[in-house]
Each structure stands twice: as C-alpha cells, then as structure tokens.
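First the structure, which I've put down as structure tokens, then a few questions once you've had a look.
Labels for the chains are A, B, C, D, E and F, by order of writing; each one numbers its residues from 1.
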C-alpha cells in the first residue's frame, strides 16, 4: 500500500514563500514589486502543491529527506506528503493568495506601518505551515511548529502598542511554554519508547509498545496540550489574546494556519504516534474526547457573551478546533474523515468571517457587535458574505460545513458515543445563537440597536464598502464556502484516502 | 609531639582566634592574628613539621601582620580600645 | 655536669623573670608600667633562657675541628640573644612612643606632681 | 634525659606564662596593651622554639627559625607603632601638633 | 615535540603573562598582540593535543620524568574528556582576548599589562586544572585561577564590584580550604595524591573505601567545589561578582570558572572516587539531584526578578550549574545524564560567552545595562542582536543550537533514571528562559527609540556601577566594533556547530566514559 | 544576629564532621599508617621519598627535594600564585598619582627631619638589623638543601627586610633601593629562572623540569648532582619572585597604590 515517490516538490512548495522573503525585503521601497513578489510566491507555491495532488490521489506518498540524520539523535529531517498533508497544504496555500490580496487592501486602507516586515513574516509563516503539513516525522513537525510560533509573533505584536505587546507576550508564553513544558518531554519520551524512531511512515510509532493506560493518557494529554495551537481548553487563552493582531493575520493565521497546525499536529499524534488501534484498545481516547467536548461547549458559551466581534470569532474558533480534535479522538472512520474535512470547511468559513470583521473595521472603524446593527445597508457584500460564512461555520446548508459536521455527528453516533453526539448538536445550536443574530441585526436592525436608527430601505448610494482589495477576497471565500458544498469531491476523496492510510 | 604542649597550644589557639574575632579595634585584631600565627608555628614545630613551621615563622612574623596593619591603616579607625 | 647545672641555673632564672614579667603585665596599673615590665622582664628572661641553652650546647663540645656544627648552633643562639637584646627594647620603645603620641594617659599617684604635663609635646 | 624533662617543664612554664598576656589581650583596655601582649608572646615563642628544638634533640634545625623570629618579631610592633603615630587622635592643642599626615585626610 | 604538549599548554600562557608584565611596562600597545599570539599558540596546542588523543589515546605526562612508581612525581593527563574542554577553554580565551582590546586601556592605561597578565595566568590556571592528574596539583592551580579571578573582578572602579570581589574572595578561600581538607583526609587514608593511584587503592582495599574518613573527604571536596561553582545553597557570591566586574573579565570568567569547577567535580567523582563508590548509596545522589532541582528553580526564578541584563545572566548561570550537577548525579543506567552534563559544560561555555559578550557590547557601546535600556536594540545594533538571539535561543533550548541537545541528553538521563523532578525542573527552567528572553526580544525588537535611548544621557545613575564611566570619554576612544562583533559571531557560530555536530562530540565523551573500566559495564 | 547564629552553626557542624572523621585516623606519627607505610598492594610515596630521595638527588633535606624536584611543578605554580597575587594587587590598587600629590610628598619628607628621637632609635636599630636579616635570608635560601628553609622562606625574610627598612624610615627610602621597576622585573625574572630550568630540560629532550639532563650544562658528575644544583637555582628563582612580590604588596597596600605617603 505504501508506494512512495521521492520528489523535491514538497521542498520547493515549502521554500517558495521563504525565498520570497529576500525579494520582499529588497523591494521594500517599491511597493508594487514587493506585493508582486508576494503574489508570485503564492501562485508558485499553490502550483507546486497542485502539482503534487495527482500523485497523492493515486494513493501514493511523496517523500524527501532534507537532512539525513541529525547528529546525536539520529532522526532525519524529512518531508512526507500524504493525503492529510496535501489537504492542509492546499487549503493554506490557496487561502494565502486570497489573504495577501486582502492584506494589501487592509494594510493600505489603514496605512499601517512596517508593512514590509508584515509581509516578510507572513511569508515565513506560510513556509512553516507547509513544513508542518509535509513533516515526515515528529521532530520535523516540532521544528516547523516552533518556527511558526516564532514567525507569527511579530505579526501578532504588529501594532507595537501596549495592548499588542501584552497580547504578543501571552501568545508566545502560551505557545512556547506549552510546547517546552509538554511537547518536548512527550517527544523525548516517545523517542525513548520507540528506540529512536519518530517517523510517520509505516505503522504508528508506538503501535507495538505495551504502554500502560496511565502513561498513554499522560502522553496523549502532553501532546494535546503541548501542541496548544489546537486551543484545548486550559491552554486556549492565547487565541483571544492574539486577536490584537491585524485582521489579515487573524484571518489567515488564526483561522487557517496557526490553529489548524495545532489540530493537524494532534491528528498526526493520534494517528501517527499512537495509532488508532492502540488508543482504541486502551480506551485512552475518551479522555481527549471529553476534554474536547468540554472545550466545545464552554467556548461556545463564552463566545455568546462576547461583544467584540473578533473575540467572538476567536472563541468560536476554539470551539470549532475542538470539533476536529473530538472527531479524531473518536477514532471512527466517519468521525476522522469529518475532522479532516472540517479543517478545510472551517478554514474557508472562518476566514470569510474574519475578512468581514476586518472589512468592517477598515470601512467604519467598528469593532463591537452592538455597533453593527444596520450595517447590511452600508456594506451589503460584506454582510452577505458574513452570513454565508456563518452558515459554513454553523454547518447549515448550503455550505461545506454541513458535510463535515454531518460526518462528525455520524461518526459519533457510529462510535456509540451518543453523549458526544449530543454535544455536537448542542454546540451547533449555540453556534447559530451567536452568529445568526449578527447577520439578522445587520440587515434587519431592531429599533434601538444603535439609538439613531434610520429607514431600512436599501439604496446603492448608502453603500460604503471597504476597498475592493478587501471585498473581493471575502466574496471569493464566501462563494468558496457555498461552492464546496456542491463540489466536495476532492476533499472527500482526500479525507477518505487519509483514513485508508492510517487505518 | 609533646602532649602537654599540644593541649596548651591548642587551647591558646582557640583563645587567640576568639579574641581576634571579637575585638572591635581592627589594629588589635590584626595584631592578635599575629599571635595566632605564632601559635600555629609553635604547633607545627612541636609536631615536627619543621619546614612548615619555618614558613609560618617567616611569614607570620615578618609579613602577614605588617600587611594587615597596612590594610587597616587604609581603613578608618573605628575605636581605640 | 657543671655545664648542665649552669645552664639549669640560667634557665631557671630566666623562667623566674618570665614569671615576673607576666605578673607585671597583669598587675601594673597603666600602659607604661605594663610595657616597662613586659619589655624589660621579657628581654632579660629570654636572654637568660637562651644563654642557658647556649651553655648546655657546650656539653657535647670536643674540639673546634670536629664539632663545628655545635659551634654553629651556639653562634646562632648567641645571635638570637643579641638580636632579642636589640630588637625587643626597640619595639618596646616604639610602642611607648606611640602610646605617648596617642595620648594614653599615665596613672599618676594622688598627691604627686605630674612631671609629664610639663614637657608634653616637647620632643 | 632528665634535662629533656626539665626543658619540657620550662617550656610548659613559658607557655603558661603566656596566659597573663592572653588575659591582657582580652581585657585591653587600649590597643597598645594588646600590642604589648603580642610582643611578649612573640618573644616567648622564639624562646619556646629553641626549647622545643632541645627537646627533640635537633637544635640545629629549630634554631634557624628561632633566629628568624628574633630578627623579624619586632616588625609587627614597629608597624603598629607607625600606625598609631600616623593615626594619632586629634590633639588638645592643634598648633603643637606635627604636620598632619596627608594620606589620612585624603581618604 | 608532540609528546610535550601538556607542558606547552601551561607554559605558553605562563611565558605570555611574564612577557606581558615585562614588556608591557614600556609600551601598553604590545600587550594585546602578545596575549593574542600566546592564546593562539595555546589554541593550536590544545587542538593538537585533542587530535593526538583521538588518534592515539590518552596522553600521560610525568613532570620531571618521575614515572615510577606512579604518584611520586606529578602526573598530567589529557584524555578524551578534557581534550575537548581544553579546546573550549582555548577558544573562549582567544575570543575574549579580542573583546578586551583597549577595554582596560581607556581609563587607566597603566593597568593594561596587569590585566593581560592576570588574563593569561587565569588561562594557565584553567588549563592546569584541566590536565592535572594529581589532587594537590589541582588545588594549586585552582589557587592560581582563583587569585587571578579575584584580581580581574576587583579591577573595575565601582564600589559594588570591589565589595562583590571581596565576598568572592571569602567564599573562594573557604571553598579552596574545604577542597584541601578533603585531599588531606584522603591522603591520610591512602598515602598518595595521584588521582589514578587513589582510585586503584580504593578499588583494591574495600575497607579504605568504606572508611568514614574517605566519605568525609569526599563530602569536603564536593562542598569545596560546589562553592567554587556556585551550586545552589552556596551561590550567593556569583551574581554580584560577575555582574559588577569589567565586561571583559566577566566574559572570561562567566563561561569558564563555573564550568571548570563542574569538570573538576565530575573528574573527582569518576577518576578519584569512582562511579560505583559515589553511587553506592542512592541517598546521596537523590539528595544532590534534589538540590540541583532547587538550584535550577531558584536560579531561574531569581533571574526573572532581575532588571539588569548581566545580573539576570548570572542567575541563569546558577540555574545552569544546577543542570550540570544534577545531570552528573542522575546515575541512570546508560549514563546519559553524565554525558549530557559533560556536553553541557561545552555548550554552556559557548552560550554564556555569547550572551556575556553581547551584554558587554550593549553595556560598552550603548551603555545599556538594564533590560529596559535595550529598547530598539535590534535596529541600533542588528549584528550584535543576532548574536544575542542565537545565544538566547540556545539558552532556551531551541533545536539546532547546542542548548537543545544538552537538554535533550539531560532529560533523557532524567527519564531513564526516573528523576522526574529533574525533568520538570529543566522544563520549567527552559520555560522561564523563554519568558525572560522573549521579554528582552520584545523590548529590543519593538522599542520605539531607534536613535536616542536614555542610556545616552549623561549622569543617568549608571556610572558608579559601570566598569568604565564611558560618558566621560569621547566616543572616539571606544574600541573598534569588530573587536566585539568578531568574538560574538564566532561564539554564536560555535553554538550552532556544537549543536549540529553534537553526535560526534557526544561520541567522544562516550569514548572517555567507556575507557573507564568501571563504567564500561554500564555502556555495553 | 541571626546570621551570627547561622555562622556559628555552620562552623560547629563543619568542625564536628571533621572531628568525626579524625576518629578514623591512624595515630599521630604511626609508622604503619597509610601515609607513611602505604596500603597493602601499594607502596607509600613517602616511603619512597625517605629511602630513595638522597640517592636520586643528593639533597639531604628531603622536604627540599620533594618540593623542588619531585613536585617541582607544584612549587613553580605556587610561585605563580604569589606572582598572581602581586599582579592582582597591582591591578586593583596601583594608581599613577596626579600632579597635586607631589606637593604633599615634599611636605611629608620634611616631617621626619626635625630631630624625632623615636626615629633615631628605631632607625639605628634597623640599620644594624637589616643587613643581618638580609644575610640571614641569603643563608636560608642557600642552606635549604641541608636544613629547613629555601627559596620561599628566604624570599619572605628578604622581603621583610625591605619592609623593615620602609617602616623604620620611610617608604621612599626603601623604594630608592628597590624601585617599582626593579621589583616588577625581579618578580618576572624569578619565575623565568624557574621555568628556564624546566624548558632547557625540555629542549634537551627530557620532560619538563627533568633536571637530570642538565648535567652537561652544569658540569656535574652525574644527574644526581645536576638535580641538586638545579634545585638551588630554582630556589633562587622562587626567592626572587617572593622577595619582590612581598615588598611590592606592602608598598602598594600601605599607600593605596600611590607608592608615597604610606604607613
């Protein structure tokens, strides 16, 4: 089954954005060239990823070894592209282009400082993200994971004011702290247990080991909390804190790259390190399930009480991430596939929502939901896109979210975890409860929403949208949310393939 | 090694050490530290460690006290007793 | 035998003077008198004791040719005594002088005129 | 042999006679008293070294550093005396003072 | 000539020091060239010695030719363990000598020859300690290095520095005395001072090895060395001494002194008393590991509370000493703790050097002594900042750097030995380091003061703590920039190289451990 | 107060541990103790010294032969310790004074010309004693082969003689005879002499400080006598350094590095 292809494509895909960094820095004065290099890199990157797609769809795996074996540890740094990796890479690299466009509009619209630094680190982050996606063993995964943490930190702290610094500090302390405190010992423990083999190729690393129940649970939790980009509950608070970042950052990184890297790592840990069989035999997955379930419910409840739009989105993200973790932890076919699908689904939906939040801020300077009543008249495209995006996140038709959520619920039911199924359903209701009123208020404002309410009649003269560079991306992603509902085959196939590979 | 000498010298050593630590005046303390040196020299001599005793004799009598006094000279004199 | 007796006598005398010096060091009322006792008594008694041992060394003396090491020791002992004779009073003097400079007051018996007051600071 | 015992007795006596000096050291009352006591003990040490040499029957060895003591012992007292000279207390009548040492006022 | 390497290793710095003193009188400008040349020669010698050790094995050198019976003369020994250390010392000294160009000469030029003389004698002492095969000879050379380090620390003009040096003198003397007492007790029971011989005797005579006096000797030697290396309860002297002394002294002392003491401890444990004897009763090692855990935690947490950069680094040294001592005492089956500890000696020397050099340059060129003074430093001094970042990342333990691998081995040892508290302490310390350094990065990266820091204002209260009141000097008298940047970048590169080639280095260390007969059983 | 309690506690604990260890020791001067007789299976080093040192080195005082030959490396570095102490003191204390101090110097030199009889007595005594002390010091250095003594003790006594000179009259009087320049050079030369004996041996193909091969250079009968002579040379080197450094430390310490207006 494991027929591997050796190719340097993943390396080039990973390097494409990194190589753009010098260009971005060189052209820091010529803004046009600078952004041209960003876009070029984005398209090149996407091209490489798409070039790998057919190979993967044949059921093959692409591998590359970068460093034969790190001295002293004897673990190579290698890339290994499988279905999950290519899915994630596809989502990330395609959305990068969109985000770049949006970022250009946003940064110019707000006349932000240090734009060069912003785009440069953005490119670095993308390289790190693809590195994680293609990582062939645990060490490589960890290295790119840390690289991503470090590369996104200047983006989070971009505003450099007190609030941004505090947010950045929280961000870094949580991410680095948990990775040092939990992930490193877990990796070393795994390394010792597995006699120096950390590769994801072949059966799961710990598959043959007779790990006890308690060590297994501890190790699993150490990984799950160690990769705290996944936002599991006690270590989630970096995410709302990081919302001080400019919106493009929040959009790409905190809806797509960073948080998805977290759950991606958790998926890798569950499937690649423990293996589904081992966890199922030990029953250790239930602990993770319940932590994720707790996170889902709690974060939804918190999101309900947030007035700042970005914070509400952040807490929503925490909940959605835990869907994925929960899905994987259920270890059932449908659930795992649903989880993998949800990576894509949530990415597309949530990025739309963030784009909308940013567009609203650019156009009106409004940050709080209570100020947004009646905005639909002023920004019809944005708010329509917001509506579609929220449909995607909630999981209502017609959006890709429905498909993924359906898989998840089905998986929970098939796995016999009715309680967890109920969790999914309750949280869906909560999602609806905190998203739909925004759209509703935007188009059909109640009388006293902003005090000085005017007529509800629509006219094109009142439209004051954000710059087109902001609006086009969000419309595009909103369309994507709907479009993928009708053509989800690629993602379904990939998720199916992934489960076949790890089964 | 003569036991009687041993005991007496050791007792004196302890006394000298305590006095030199407890005296407030730095000059006195450094001079009393000189006694400590004499007694140590005696102790080594009567234990048969002749070379060591010689070293202690020359250093203790000739150098260390003077150096201590010279150091104290560069501090402020605290009291006269 | 005579040599031994002589040396014992000398040493004994030295010990007695040591005792005297010690008593003086404790009993005398002021710094000057104490220094006087200690300086004089100690110098003399040291001299006596060392001379005693010096004499004792002659016990094994046979001829200048054969027992020159003993002669050397005797020479050194004599040297010790000479140098004690020179250095000990010098240091006593220096200390007395320092005490005088340092305004250590001598104890004057009631009723006696204090001669020291007349020429203080004259030097 | 008896002379050795006698020497031990003398040595002990000399050692015991250090006791008054020790007492003087403890009670003071001035620094000078202590220095005198130190001087006394120093002299006694030189003598004791000779006595120990005789007891061990190796006077030629011990006499060397007894000599060193005799030569160097007054260095300490000399230094102390110099010290007291240079740091003497403020005079009752300043004009009768010697010119004051400059290095003291420097610090 | 190649068989004379151990002697050349100590003689070259000695003659350098003498020459500097002699010639430096006439002209202060010749001091640095002599020093640098001497250290370069020493570096070559060290490399040659290391090469010889790895090709032909241990070098034994008997001073004065007194070979038989062993122990009557003085035995110098270079084996797979200290060969690496020799090279590390030589590199550090060579690099720091560049940093010290004109440092001392600026204010009081007449002290320049003394400074370089002490500098070279310190190196001499460290080399001597490293190659000593004789317990008493080790003490003598410890004295050489201690005395010179007292001088180097007290050379600054600040009052606090002098006071700190005085404290250091007291503690250092107590430590040396303890070591000497221990050696004395050992001599009384075994009748020899040669390390190898003591080990043989203790192995052949169980009743001697079991005697109280030998245990007490071990205790005293250990405590003496702990004082020298500033291990936890005895660390009080270090932070002040290293933070208030001249930067160039700090750069030399901080990377080397404590590490050499750790080396001495491991040498005494392995070569004198023997691994089996030391770990005969587990109570010992558990106690020490717990102490190390406390040291790590206390050092890290106190570092968190500091506002001055150098002082913070000093507390980190306290924590790092905890790493090394704890690692050496882990007693895990495959000796990974010991290996990690030995590797960390090298890694930490480079890390500390890098950070102290950077701190020295910040203090010297930008007069930034407090962390808050570093605002905008990435823009003001990008190259120096890069060096600093590499050092800091190594301290945190980010993968390609040496710091990661030493931590890896230590954690591995801790896991093998079941000392989970040590693992947790290591992780907490890494965490604290991360917080600390990213706080600095944040200030240095995002500071809004690109041109004018308040460090440039005159009379901002730093003069009295500074090694040099630079504000009095016109900027033209500042030393050339490359003098700081060259060693800094070299050390940063070495950190990376050490990390990348850690397998080879650990291999050499394992060779040494395997060469000890009583350890071979642990390592298959 | 609390710190005193802690200090006392530490001292008491340390002392009691040491005393506890003493109970395990052989009796004082026991000829069968490990230090004197060795342990089973390994002959004691001191036993070797006692029996062989005269034959090896032709030096009757075995302490000297151990210090200067068998463990000559140690002694050399002990000398270096002294030298390092001197350098440290210079580095910390030595200052080149500024101009305004020269006036004070003149004032001070006048201080002692006004018929101070204390000066006369002390000065005369010192003038008598100092040459004797110096002679004695040379004797101690040279006679180290046969009786206690040697370079270090002799050097200290020699240094003390200069200190006495300074104390009796004035520091300048001593500095005139032994200036800063000369004591620095002599301190260096002392160690150079010592090291030269070792390095020359190295150049002749032996190990460092192996005096035996110096035989052709010293024109002696055999390597033993070469060792004996070399030891004398080495002792002289030690004495140089010690003398210079002892006086230098005093001169710097008593004047705070100004080299004038001292004690």
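Some points to look at:
What we mean here is this: a contact is a pair of C-beta atoms (placed from the backbone, for glycine too) under 8 Å apart; a residue touches a chain by one contact, two chains touch by 3 or more.
This structure is a prediction, so every number in the text was calculated from the model and none was measured.
Centroid distances from chain C, each centroid being the mean of CA atoms, peak for A. Set against the C-alpha centre of chain B, every other chain centre is closer than that of A.
A summary of chain positions shows that the Cα centroid lying nearest the centre of all protein Cα atoms is that of chain E.
Centre-to-centre separation between chain C and chain F, using Cα means, comes to 31 Å. Chain centres here are Cα averages; for chain A and chain F they lie 75 Å apart. Centre-to-centre spacing of chain B and chain E amounts to 36 Å, using the average Cα coordinate of each chain.
A separation of 10 Å divides the Cα centre of chain B from that of chain D. Shown for chain A are the residues in touch with two or more other chains, of which there are none. In chain F, 118, 122, 129, 132, 140, 148-149, 153, 157, 160, 163, 167, 256, 262-263 are the positions where the chain touches two or more neighbouring chains simultaneously.
Annotation for chain C: residues touching 2 or more other chains are 79, 83, 87, 90, 94, 97, 102.
With chains as nodes and touching pairs as edges, the resulting graph is of another kind, matching none of line, ring, star or complete. Residue ranges of chain D in contact with chain C, taken from their complex: 3, 6, 10, 13-14, 17, 19-21, 23-24, 30, 32-33, 35-37, 39-40, 43-44, 46-47, 50-51, 54, 59-60, 63-64, 66-67, 70-71, 73-74, 77-78, 80-85, 88-89, 91-93, 96. Contact residues of chain F toward chain B in the complex are 28-29, 61, 63-64, 67, 140, 148-150, 152-153, 156-157, 159-160, 163, 167, 246, 249-250, 253-254, 256, 262-263. Chain B makes touch with chain F in their complex at residues 1, 47-48, 50-51, 53-55, 57-59, 61-63, 66-67, 69-71, 73-74. Contact residues on chain E toward chain A in their complex (touch as defined above): 396-399, 405, 407-409, 411-412, 415-416, 423, 427-428, 430-431, 434-435, 438-439, 442, 445-446, 448, 500-506. Against chain D, the residues of chain C that register as touching in their complex are 4, 8, 11, 14-15, 18-19, 21-23, 25-26, 31, 34-35, 38-39, 42-43, 45-46, 49-50, 53, 56-57, 69, 72-73, 76-77, 79-80, 83-84, 87-88, 90-92, 94-95, 97-99, 101-104, 121.
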